[in-house]
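Next, two complexes with chain A in common: one pairs it with chain B, the other with chain C.
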Partner chain A sequence: MLRMTLAVFRKDMTLTLLRGNGLAQALLLGLLLVFVFSLSQGIGENLSPRNAAAVFWLSSAFCQVLIFNQLYALEEVNNSRLGLLLVPQPLQAVWLGKALAGFVLLLLAQCVFAPATIVFLGQSLSGHPGPAASILLLTDAGMCALGSLLGALAQSQTARESLLGVVLFPLLTPLLLAGTGVCAQALGGASGEADAWIGVAAAFDAIFLAAGLLLFSFLYTGDE
Partner chain B sequence: MPKSFLPLVLPLLGGTALAGCQWLIYVYAPTEASMGLIQKIFYLHLPLAWWALVSFFLVFLGSVVYLFRRSPGADRLCAAAAETGVLLSGLALVTGMLWARKSWGVWWTWDPRLTTTLVMWFIYAGYLILRGLNMPPQRKSLVCAVLGVVAFLDVPLVFVSARIWRSIHPAVFGAQGGGLEPEMRLAAMACVIALGFFWAALIGLRKGQLDLRARMDTLWAGNGPSAAGRNRP
Partner chain C sequence: MLELDCVSRFYGHNLVFKDISCAFAGGGITLLLGHNGAGKSTLLRIMAGLTRPSSGTARFTAPSPKIGYLAHSTFIYPALTALENLRFWHQAHCLDKSHDLFKALERVNLTARAHDRAGTFSRGMAQRLNLARILLLEPDILLLDEPGAGLDTASQALLRKEMLDARIRGACIILVSHNIAHDAPLADRILLLEKGGLAYDGSPAFFSAPEVQACCA
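For the complex of A and B:
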């Protein structure tokens, strides 16, 4: 299963980064969100660290929706989804491979969003970066586990972008709250309860990684 | 009791019990000293919130059954429970806002339980949108079943986040007897039970409607529009 997972991961990374628009659309949308929120600042004003962290995670969430739509749209061309279904390997390898690819792509996008948030929203890294790094990895893992599962939900749907967003965003709320709470501390916000939020994010990851493993094979089928 | 009596008995029982509860709320239970009459909303707010949660649990159970047995009846039960759950949680949010205005001086506060109730409402409203999409029926049932399972897995996180954040909800049924007078507790419990009958009636009614629609769709597909046209006088 691991070999198949890595094969799907390599295929998706290659197709996404070396062909077409790559990450450009997702990056542009995230940056636009940061820019639009920067317009709410008056002259000489800065957003609070908590608001800035929320904008960062909002950009990441929209970016994630586009990433998983793109990853699952790869197999819709020439109906190559049937090819993946016919491989004599556990189907969960497709879910895991796409989740891994989404995880790396999201981290790459966040490497752009983080400095943009600091520059455009007038923030500084004056808090402890350690917990923020932990929550970044945990939150991204949870977002990608769920994104990879529900990305398959929108297969063959013409309205897949809006559909995935409507379904995914409310489910991600606990994770986004955890990410916002801890990242705000790294930007100099009030400290406290970082450990508890890291626990919530870890629990979310555990629940939705297990759910993905169990449920993906029901969703990813040859149905049109 | 024969099954055919249930659709008649449950609404009657629920309606009568809810009417009886009005006496408990306005006559038997004392008026709360600081909030006054507006506190009576609590007797509606609490059962609405609880039965909304039970509805979502029913969606989860029905979804699991559908995934393993592919039973169309379980799928229709999920649809009925989700619609009822969204309705009840929406009403719980509205009654909560009315209470919050009097109790805390604001229409809305980002209290974790209120926030997560709103999040649950959003999740299941999205679920209903998915149900309304034009997709092949079996694919739609399957996708909705997966979402029904995933959505309910968020509920434990609701309670965890409520504990992490400082909640301003009162402890209603705590280990030490909670923050309610015995008369208020009795009235609240009676309202929960009464609304339970009403809830069961609503679910049964909606499930019956969906069963009928499925039957008509089957008959229509069997005869076909052209066959129906030929049979017309």
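For the complex of A and C:
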């Protein structure tokens, strides 16, 4: 299973980063969100750290939807999905490979969103970055586990973008709350409860990982 | 190697076929015939495990057989090179690392285009690359859904040679085709799907000319 996971991961990274199926659209959407929120500030005003962190995670969530739509669309070009279904390996390898690829792509996008949030929304890294880094990885892991699962569900639907968004965002709420709460502290917001939020994120990661392992093969196999 | 037991398939309320029962052994080529819409491709997908039958069962009698499925879709990533495409499927199938990918490309006359993106290939070349993917697998069951469509004469000859090699290797080959004149001489057995059922199951020798004409009509 591991070899197939790595094969899917490598193929998706090659196609996304090197072969023109790039991150540009997802990055632009995220950056646009940060920029539009920066327009809501008057001259000399700054967004509160909590609001700025919320904007950062909102950008990440929208970016993630586009990333997983694109990753699963790669399999639809010449019906490669059928080829993957015929591989005598657990189908969860596809879910895991795509979740890993999405995780790396989302982290790359956040490397752009984070400085943009600081610059456009007038923030500074005055808090402890340690918990923020932990919550970033934990929240991204949960978002990608769920995104990879629901990306497979949405792929067979006509209104795939809207369906993915509609189903995904309510389920992501606990992770986004945790990410916003801890990242706000890194931006100089009121400190406290970081450990509790990290616990919440870890718990939802476990739920989404288990859901992915259990449900993916049912969703991806589909049947007409 | 493969058994179908009372397999039926409906799309909504529309019956495609009903109560198809037959068994397939290794080392033979079965030609699956029928009019458009008779359910040949659907039956092949059921055999591959890609579509569930509405009732009945399709099961493999051999443990974990390797299945090769060649259809209209080429399963190729256009932005990857021919070699990268093969490498991906090789890794995904967890095949032995000793497989020589270049040799597989050589078998389908694509060595010179190994580093070209598959998106620049013609339909025939893409199908040959798809064939190279199948050859890597050395499948026990080879399911071919009109594999000759869009192929030039040389590529069709290549496909024919690979089918015969697979038969010698002991593979079970099931071929859907409308080109009866071309493919019937290869077949050890003919199945005719008609009017929602199996109208003929037997040797090509007893598959009489009027029936062939009716099937071709």
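Keep this in mind: the second predicted complex is superposed on the first by the 220 of 224 C-alpha atoms of A that agree within 3 Å, B and C clash if a C-alpha of one lies under 4 Å from a C-alpha of the other, contacts with A are read in each partner's own complex, and residues count from 1 in each chain.
Assume a residue touches a chain if its C-beta (ideal position, glycine included) is under 8 Å from a C-beta of that chain, and two chains touch if they have at least 3 such contacts.
From a predicted model like this one, the values you see are computed outputs, not experimental measurements.
Student: Now for A:Pro88: first (chain B), second (chain C), both, or neither, which partner does it touch?
Tutor: After superposing on A, A:Pro88 lies in contact with chain C but is clear of chain B.
Student: Determine, under the contact definition given at the top, whether A:Leu15 touches first (chain B), second (chain C), both, or neither.
Tutor: Second partner only.
Student: Considering only the touch criterion stated at the top, classify A:Val200 as touching first (chain B), second (chain C), both, or neither.
Tutor: First partner only, chain B.
Student: May I ask you to decide whether A:Phe218 touches chain B, chain C, both, or neither, giving the answer as first, second, both or neither?
Tutor: A:Phe218 contacts chain B only, not chain C.
Student: Just checking: does A:Ser124 make contact with chain B only, chain C only, both, or neither of them? Give me first, second, both or neither.
Tutor: After superposition on chain A, A:Ser124 lies in contact with neither partner.
Student: Give one of first, second, both or neither to describe whether A:Thr173 is in contact with chain B, with chain C, with both, or with none.
Tutor: The first partner, chain B, only.
Student: May I ask you to decide whether A:Ser40 touches chain B, chain C, both, or neither, giving the answer as first, second, both or neither?
Tutor: neither
Student: Shared contact residues on chain A, chain B side and chain C side combined as an intersection?
Tutor: Overlap of chain B and chain C footprints on chain A: residues 223-224.
Student: Considering the complex alone, what residue numbers of chain C touch chain A?
Tutor: Within the complex, chain C touches chain A at residues 11, 48-52, 64, 66-67, 69, 71, 73-80, 84, 88-89, 91-94, 126, 133.
Student: Would you tell me which residues of chain A are touching chain C in their complex?
Tutor: 3-4, 6-8, 10-11, 14-15, 19-21, 74, 77-80, 82-89, 223-224
Student: Name, in rising order, each residue of chain A that touches chain B in their complex.
Tutor: Touch residues, chain A against chain B: 146, 149-150, 153, 157, 159, 163, 166-167, 169-171, 173-174, 177, 193, 196-197, 200, 203-204, 207-208, 211, 215, 218-219, 221, 223-224.
Student: Across the complex, what residues on chain B touch chain A?
Tutor: Answer in residue numbers: 67, 116, 119-120, 122-123, 126-127, 129-130, 133, 135-136, 138-139, 142-143, 145-147, 149-151, 153-154, 156-158, 160-161, 164.
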